[in-house]
Every structure is written in C-alpha cells, then in structure tokens.
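Going in written order, the chains are labelled A, B, C and D, and every chain counts its residues from 1.
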Amino acid sequence: METIKAAIIGVTGYSGIELYRLLRQHPHIEVQSVHASQSVGQNLSDLFPHIGNGQEIIIEAVDSEQIMKTVDLVFLATPSGYSKDMAGLFLEQDFPVVDLSGDYRLPAEAYEKWYDKPAAPASEQERFTYGLSEWTNLFGKKFISNPGCYATATLLSLLPLVDIIDEKSIIVDAKSGLTGAGKSLTASSHFVQAYGNYSTYKLNRHQHIPEIMQVLQAHNPDIPHLQFSTSLLPINRGIVATSYLHLKDGMTEEDVDLAFKEAYKESAFVQLHGHQFPDLHQVVGSNRVAIGWEYNPRTEVLTVMTVLDNLIKGAAGQAIQNVNLMYGFPETAGLDNLASYI
Amino acid sequence: METIKAAIIGVTGYSGIELYRLLRQHPHIEVQSVHASQSVGQNLSDLFPHIGNGQEIIIEAVDSEQIMKTVDLVFLATPSGYSKDMAGLFLEQDFPVVDLSGDYRLPAEAYEKWYDKPAAPASEQERFTYGLSEWTNLFGKKFISNPGCYATATLLSLLPLVDIIDEKSIIVDAKSGLTGAGKSLTASSHFVQAYGNYSTYKLNRHQHIPEIMQVLQAHNPDIPHLQFSTSLLPINRGIVATSYLHLKDGMTEEDVDLAFKEAYKESAFVQLHGHQFPDLHQVVGSNRVAIGWEYNPRTEVLTVMTVLDNLIKGAAGQAIQNVNLMYGFPETAGLDNLASYI
Amino acid sequence: METIKAAIIGVTGYSGIELYRLLRQHPHIEVQSVHASQSVGQNLSDLFPHIGNGQEIIIEAVDSEQIMKTVDLVFLATPSGYSKDMAGLFLEQDFPVVDLSGDYRLPAEAYEKWYDKPAAPASEQERFTYGLSEWTNLFGKKFISNPGCYATATLLSLLPLVDIIDEKSIIVDAKSGLTGAGKSLTASSHFVQAYGNYSTYKLNRHQHIPEIMQVLQAHNPDIPHLQFSTSLLPINRGIVATSYLHLKDGMTEEDVDLAFKEAYKESAFVQLHGHQFPDLHQVVGSNRVAIGWEYNPRTEVLTVMTVLDNLIKGAAGQAIQNVNLMYGFPETAGLDNLASYI
Amino acid sequence: METIKAAIIGVTGYSGIELYRLLRQHPHIEVQSVHASQSVGQNLSDLFPHIGNGQEIIIEAVDSEQIMKTVDLVFLATPSGYSKDMAGLFLEQDFPVVDLSGDYRLPAEAYEKWYDKPAAPASEQERFTYGLSEWTNLFGKKFISNPGCYATATLLSLLPLVDIIDEKSIIVDAKSGLTGAGKSLTASSHFVQAYGNYSTYKLNRHQHIPEIMQVLQAHNPDIPHLQFSTSLLPINRGIVATSYLHLKDGMTEEDVDLAFKEAYKESAFVQLHGHQFPDLHQVVGSNRVAIGWEYNPRTEVLTVMTVLDNLIKGAAGQAIQNVNLMYGFPETAGLDNLASYI
C-alpha cells in the first residue's frame, strides 16, 4: 500500500506534538518535516524529551512552497485564528490540508460571532469538508476541517438520535480535562487553581456550540439552539459529554438501542456500552469513543454519556483517522493503541 | 451563654471525625465522649494523628444509659442502617439526637425501596425533623435528621424556585468528591480506579432522590419524579449540583434573581454569586454554600450551580449548625472557618 | 488581653490571602487594612470569593505613613525583592514589621548570590530576627524575618540533632506542593505539566539552602555546605523534608529520641511521631509540624521525615505564631485549627 | 521472522492486563490464551472494557498441560507467593517461563525473610535468570525472573557507577505511583487516603532491597547493606529513584558521565539526560527509562535521578523486552510507543 509524506505545522502545541507522537507508529504516513512559528531551528527532541533519543528533528519555519514540494499533505495544528493565515497558499494550489483549528468549521458570520476574530474567506471555507469520521464520506477529499473535541463527543452522542428525540429537549453537560484548555498559561489552567476543583466556564458561550448545532440541523432542521455547559475536570485528558433528552411521542428505549446499534455497527472506534456507563479509563490513550445510555421511564428522560480522549479522538487521532479515510488506508492504521486503562 | 455536652457515636467514620474536628473550636458545645463499634479502647489520637498531641481521647463502646447520664445530646455519625439500631433507647427517653445517616429521612416504604434495608419504626421516624438549616425552624427541636450531601446542595438550589419553574423540567447533574463515597474499601474508591477518571454511578437510583423529592413536593406538590445523575470527581471534598430548569410561563430572569435573594437574604452561609459561577475552592473547608445561576434566553433554560463541602455543609457542619439552631446559639458558632481556597 | 491592629501588604499573593484568612479567627489581632500594588480599589471579596459575603474589604495602595498611623504592625507578604523596597520607611520609624519574603533572611552577599537581586542594606538586615518560632525568643522583638517553607521543615528536623550527627553526612530530599511555587503563571506550574508528574528543580541551587545553613552553623559551626534537593509534588499544599544522616561515634537511637523530645517538649505545634512516619494529611490546614524518624542499624543511616503545610507553618501561620510570641499572646492564638485530614 | 504464541497467567492483575494490552501490538508474540484463578469463564472485554469491542476473550482456568500443548511460552503475572505454585509443572517439562513476581528473584533464605512466605525450591530458583534487560544476555534463556519496579529503576541508576563510587555512601529515596501498590483494596490505596498526600512506607523493609543488593554485589562485592526509602506519590503510574552517592577518591564528574554513556551506548530504551533532570511525563506510557545526574562539588554528593513507568519498564514492558531478547526478536518489537507526555 501507498505511503504518503506529511508535514505538521504547529508541532509545538498539544495537538501538534500528539500528531507527531501518533504518526510515529503509522504504517502509511511518514512525517517528513515539522514546523512552528516559534522555536525554529531547535531540536524537537530537546523541547519534548519523550520524543527522541538523541535524534535530530529540527523545527522549521513555515515555507509553504517548500512544504508543497516535499510532502503530500499538511496538517495545520495551529490555533484558531492562525490556521486561516496558513491555509491560503495551500488552497490556492489545491494542496491537501487537514486543519485542526476552528477556522474552517463555521460560516464567516457565525465564526466571527463565536470566535470574535476575522473569519477566513467564504470561498475557502466552502472547500472544506467537516471531518467527523463516522458520519461523513471522506474518501478522495482534499480539505478537511477536523471537529472540535466537545463537538466530536456531543455529535457522536446525538446524531443517531436526531429523528427520535424531542428536538427542543436537548441539554448537554460537558466536561473536559485541562489539556483541552491548551498550552497557554492562564489563571484557570494554573495548577493551584484547577487542582481539587471543578469549574464551569463559557456557559452558553462555548465556540463549539454553533459547530454542533449546524451539524445537528443538517440532519434535522427542527433542532433549535443548543443548551450546552462546559466545565473543567482536574485531570489532563478526557471529554465527558452527558446529554439529557426527551423522546418523541411513540418512541421507546428500544428505538434508542436500535438507533445506536445501527449508527455504529461498522464503526471501528465507537464502543456501545448500552446501560453500563463508560468512564474515562476506557478511552484515554486511544482513539476510542465509548457511549452509554439509559432511559428513565419515571422522568421520561434519556441520559446519554459519551467519553473520549480530547487529544486523540478529539483532535490528533481523528485527524489521522480522517487521512486514512481520504486515502483509503485502513481506518485504524496507526490508531490501534488501546486505552492505557490505569 | 450556655454550654452543652455532646457525645459522638461513630467517631471513626468520615463524618464522625469531621464532627470531632469542628467541635474542637465550638464555644458552646463540648465533646464529652466519643464512641464507635470498632476500635473501642483505642486512643482517637493514635487512629487520627491530626487530632492530638499525645492527648488521650479513648474511644468508648456505645452505652446509651451512660451517655444519657453524662451528656446533653448525641450525634449519630453512624452509617445508614446502623443509626436506627442506636437511636431507639435515646428516643424512648426523649433524649436529643442528631442523626447524620439516612435512617430518619424517609417514610418506611420509601426507605426500604431506596436503601434496600429494613426501615426504622414509623413511630420513631415521625419524631424527627429534617434539618435543612436554611429552610426549617429548628429552635427547641429534639430530634434532627441531618440531610444528605447531594440533597443539601440540590434543595438549596431548587427550593427558592419551586413556584416559578416548570415543575416537569427539572434535571440535576450532580458530582461528588470521593469522601462522599465513605471510608469502606471498594473498587470504585480505589485510588487507581478514581484517579484521572470521571464516572457516573447509581444513575436514577441514588438514595438521595426520594429525600430531595419529598422536600420539594412539600413546597410544591406538582413536582414530579426527579431526574438526577451522580458522578465521582477525582478529588476528596466537594459537591457540585448543576440543575437545568425551564421557567413557568411569564416568569423571567428577574424573578429568579429575586427568588434567590429573598430566600437567602438572612442566611449566614449561603453566598449568592448570580451570574458568576462558583467553584469548589470557594467552599471547601467551610460550611459555606455558593450558588450561581444563568438564564439562556435562546434555549429558555435556567442553569443553577451550587457547590459545598460534602463533609461540612453536607454533613458535620450542617449538623453543628442545626444544634446551634436547636439551642439558640449563634448560627455560625464553631463554623466561622473560611474555605481554605487553595 | 490586648488587641493589636495589623495591615497586610501583598494581600493578593498566596501568603497574603492566607494571612488574611487565618487572622479572621484571631482573638488578639485585627486586620485593619489590606494593601497591594495591583488591584487597588477593588473589593478583596470579589477577587477571593471565599472571603466575604458581600462585605467590602477594599484593597488600598501602600501608604506607609497612613498605615503607621492606623495600625500597630505590618505584615509584608510581598515577594522577595519587593519587601526591601517596602520596609525602609517602617524601619526608619521603628515600626513593627513581619516580613514573609527572603529579603531579610541573609547577609547581603549571600542574598545577592542566591537570589540574584540587589540586597537590602546591611543596616536594615541586621535589625531583623529570624523567626523560627520554636528556636528563638521573640518576645518584645520588633522586626521579624519569617523563615522559608523548606527552611522551616528542614531546620525543625535538624536543629535538635546538630550535636549528635556526623556534620558531613547531611542529605536532604525535600518536596513541595505547587502553592509553594507561588501565583505567577509559569510553564512548571501549568496544570498539564505538573499533573501526574514529579519533577526536581533548582537542585543544589534553591535559595533556602544558605538560609538553612546559616541557622545550622549558628548552632554548630562544623556543619558544612548542605546537600539539598527540591521537587514538586502534584498537590497544592504540603512540604515533606526527608533527611538522611549518620550519627556521631558513640551516639545511638536513644540519643536521637531524647534530642527530639527535649527540643519540642514544650512545643504547641510540633508533633513527634517517633518511628511511625507522618503524612501530609496530618498537617495540611493547620500550623502543625509532624516529625518521624528511624535509625537503620545495618546502614547506620538515620532517616528523619518532617511534614508541614507550606502556606501555614511554612508562611502565614508561622508569621502569626511569631506575632503571638512578640506580644506575649498565647502561642496558639488564632492557630488552633486542626488539619483537615481528608 | 518467527512468531511465538504465549499464554498469560494472572491476566486480571495490573501487570497481567498491561501485558495483554502491550502484546496486542507485538509483531512476533501472539497471546493465545489468558488465565486467572478468579473470573474464569468471563469475557476479558467485559472486565476490562478498554480491551475489546464485543470480542470474546474468555478467561480460562490454569491447566498447565493444556497450556504447554498450545503455546510456546507462559507469562506468570501472578502475585509473589503464587507464581512458585504455578511454575513447577512448567519447569519440570523445561517449558519457557517469564515470571513477573518476586518468587524467583532471591535465594530461599532471603526470600523467606523479606517476603515472609515459604520460598520456591532452590533447585527451581537457580534455573531462573534475573531479567534486567540492559545488563544480562538473555538470548536463548528459558526461565526469566523479571525484576521489580523499584529494583529496575535503582539498578539502572547504580550499576554503571559501582566501581567509581564510595560503596558505603549509597542512599536511595524512591517514590512510586499507586499502581505499584497493586489492585488489592487496602487503606493506603484508598483514594481518600492517597489523594493530596505523600507517605513513606516500609522504610528499610521493602522487599526490593535484597534484590537490588544482590545484583549490585554481584558487580562489586564491597557494596554493603542498602539504605532505601519508598514513598507513595498521589499519581497512578511512575517510579522515581533519587540516589545520593559519594565518589571514590580520584573519581570526577567526567568519570560519571563516561560511565553512564558507556553503559547505555547501545540501549534502545535508556535515555541519558545528563545534567537536566527528567520527569515522569517523559516515560509514562512507554518502556523508556530516563536518567539525569548532577555532581555538587561543594557537598561532594552525586545525585542520580531515574524515572520509568512501573507497569511498563517496571513490569510488563520489560517482560516483553526480555522475551524479545530470549528469542532474538528486535529488542524494541511491540514496545515502540512513546510516552504520552501529557
């Protein structure tokens, strides 16, 4: 089978270094070069000593022309607001891009409202396919906008159910480990602040809300604005999305079971737990998603709990899964690590 | 002002030792003796080296007659299922009891269903007053059934709102630190299992559900069965209760603000945060409760977040607050510690 | 008994806010005003919601003249390098100062070498008494230089033993929780970096080394340069100092036991655990110090393990203890909180 | 290249399930069957949901005859005291065994003293080779006794130095995450007890002491009894061994550097950090070992800090590395995962 060469731009961020780490095991993707705006000329192994053993992996500046000459695809692991400045030249030359930021997930108006930054040109944004691997055919695609971590967990919970739930009933209480807050040094990611704590932030204002809504609405236009909470768990890795839903009249627990089983019957990474709720140990360290659900007949509320590793299935792992799908590699290539469990 | 003497039965459990610790600072309550079914004859300072400095505090067997001769009130910090075996002799002699277990919180039928244990006699159960300090007049009472930790957080969130919310809309997503799971060695409280994890347990089956329901229903009989999730946070102390609610037609955000301010305007321990959500650092180590709320006009959902220290306001601290109210001591006596914050 | 009024300068740092919190319970010290260089004019309760319940505690700029008119003593909870800029005016007027920074702990030459900052004038430095409460008579003193957290733990371990150990044998392996690293946002205090980790820093370069050495050498001039490691534990509060020592010829385990018992026989805060090693739960939240030791006859090594809460006995608590001693208040006034244990 | 088949006995313990997890990626070792004394007949995927996706991996009872018929090698991931009851039948038939317990690491007398259990017969014990991969030629061996986690970290620190250090000077301060304490539910591994804590246990009594001593003494018979502390870090995975040493007269820092470089110049897994101390993030999740050292000329103490993942290089990973060496597979086969870093 074919092997492709890739460059990672933004390798020093959490998603970037995770991409590098995971791709070291990939049988069909070879990382040819790594790039960043800072630390250029330094050895990646010096900055990230878990990577190397004396090996030289020099961080290069971003030279798009040069990159397009030497690799087949570029990963943009750059923060939202930066990717769109990087992507232009690649798009112009129709060169394959997988973007892990939020820059190509939303139409300009929504982007500017929720991100409070200038949006990428609509002409660029429209060329991207939203890469929720389990729900889109990505074979042969060239430009992938990789989903957000909260969005991945929430969409995998709700998409199987869009037609059997009361659309107005959706409430999501989502939680994330601190790696989800990124590498920048902020008061809320200071160890002392987050340790032993649980804090809710950006209530109803998280930028993954419109991303989730637009995908849900594409499947069921009756779905209204989403009620969505985001909180920080005092751990490093993990997303938990707990959703509360009412069923449409006439729908039953069996319809729910069936919907989940049907949706993920061929999925390599989604594990259905039915009435036993999953926990983070089952997924952290892997590209797995675990989903549990339970219907309470007395309250008529369906609870769905979905867990995943925000840096893998919520970022770098899903990006690799998407490249596998784009190129027709086995979907699990390079992603067969099990969760470390403990 | 008067000083009373107290005995603690069950001093070696988490609530019992916390009671002992807090009462050491109380100006009007003196711990005369400590009791347990195990470790009798041992020095409490040896088992709990944070307590003493060579001091002898011998753990005594439970001899109700002797206790009633020497103290004015007994705290039962015994587990659910044990308190009812202890309380009988005290009740017979009309001797003041504050029970921290679930044994006197529910009518027999509900107790047996949710606790799966034989209930205390109805004649005993009826003599107890449910001691949610902020919502009951406890002056002159003799028998207090101290609320559960989840119940305290949830009721303090919802009681101000019972008349202005759509009764059918209540969904509570509650989380607790591991001390809430008690001292017994179980697979779920093993360090390795809980560390770096988040797990949901007893979904729709937690024994605090009927306790919460009966108090809510006493204020508004239209409130139906409660949707209630409970999860373990990988920390030691803290309860977070996040509630999702719809308002009754015609009710607005201002009504919510007003309801909270009215309910707690004279409360020494409830801090209202309005639209800034509280976190656990604000309450852990103190008897404080902090409540934040926000109404989302687009989804018409009101989110209420309440935090407290499960061992203090959720157990031992509230028990002391209740004794203060029973005897007319200042409500904050012995409870003026601030949260340790970091 | 007399009550004094105090001002806290640097109230927004970890030591400053801890001082404020602890002094709220002090029967003889009243905090009259709080000061900082930033956040002037803001309400302390807004910045630290665990403090207040709507109360206004306005942060004031530092106006030394005004402070000296209204209070009896000033706490400098300012960082090293800042205290010396604050202290001058107070010293000029012979106004009582307790400084929690390192600025008055070392002679100028040592200070400039280890802190890499300009030192306070020698004429000022000499007026300060080093406030290791258990080892100095502080009654009537006016200027206290409060010890560092590592220094407190290490000196309380070693001072009783200076005459019975082989002076050349001392090796200290010390560990600290993250609050010891302060409030500034650094890569090493980022949650993601410290979580699940253990890292050794400033090996042989920590600024508490000369502070410890000079006190030890004042008791035994034969003590040479100190071997001292410092590491970060992934927790918020706590210092652990593990010391490895050889005994002088002819000295035995009994001499060690005797030395500890003699040294701390009248100490209110030092708990001797003998051959049962203490852990952090016994001290965190209190001004207590717990010391355990064990002699290994096969290796002829004495291990001493000392634990304390770095923000209390290692900073704010010891500062209060020192004021108690200066003014002849009971040594434990305001400091009778037990460790929270769990 | 050849592929061998293996059975895992004790698959439900932490080392056993970690072996299973890691072997899933091994190109030359296939797990043919898994065995335990409990949970026989259950699906491993049900007990450990991170493992499977509906797959049936039935836990079988231990039938040695049957195992020898179907596989080429057996891993004993059984606790100390149990392995020796399992190993006999395999040894009788000269069937390859890798034992992860302590049962074949020590001569009978030492074993019975330090483990307080009956020892395996000397005739069996002598057939085992101690499998410290970097220091033994294991090619063609049949019976491997896999080293303990503390022993691995300490020996990799000290073996390069045995000839250049003052033999009497060795002091080791070692720390372990909670997975090192195993799966049994004990008071010290209860979440509430270990959280936010640091506790030293089995001081001078840990069963890895004689294991370390005998290997050191085999390289330098002048090495006396070892001073060795063991403490629990409030994390799941990781060993830190901090060693304090004096150099022999005439030896210098350069000799230390040289000794480490020489010892590990061909090592695939040992990373030398020289004067930058490593942390746990560099190794957890991988079979890597990272070693840093620094000589303090003023105290004449050499500090060596070694970190590894106790379940991988300290147990299951090293067992796999050893099988690779026994069979002449590439040493890193199945072990090329990098540390997860964050």
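Remarks
The rule is short, and it goes like this: contacts are C-beta pairs under 8 Å (C-beta built on N, C-alpha and C of every residue); 3 or more make two chains touch, one makes a residue touch a chain.
Small disclaimer: the values here were computed from a predicted structure and weren't measured.
Set against the C-alpha centre of chain C, every other chain centre is closer than that of A.
Judged by contacting C-beta pairs, the busier of the interfaces A-D and A-B is A-B.
We define each chain's centre as the mean of its Cα atoms; on that basis chain A and chain D are separated by 36 Å.
Per-chain Cα centroids separate chain B from chain D by 46 Å.
With centres set at the average Cα position, the gap from chain A to chain B is 40 Å. Residue positions 14, 179, 192-193, 196, 234-237, 281, 342 of chain C each touch two or more of the other chains.
Only residues 171, 173, 175, 192-193, 196-201, 203-204, 224-227, 229, 233-238, 240, 242, 244, 277, 279-281, 284, 294, 296, 298-299, 301, 303, 305, 307, 342 of chain D touch chain C when the two sit together in their complex.
The residues of chain A lying in touch with chain C in their complex are 14, 178-179, 183, 185-187, 189-196, 234-236.
For chain C in complex with chain B, the residues that touch the partner chain are 14, 17, 21, 24-25, 48-51, 53, 179, 196, 236-237, 268, 271, 273, 278, 281-283, 285-286, 288, 290, 311, 336-342.
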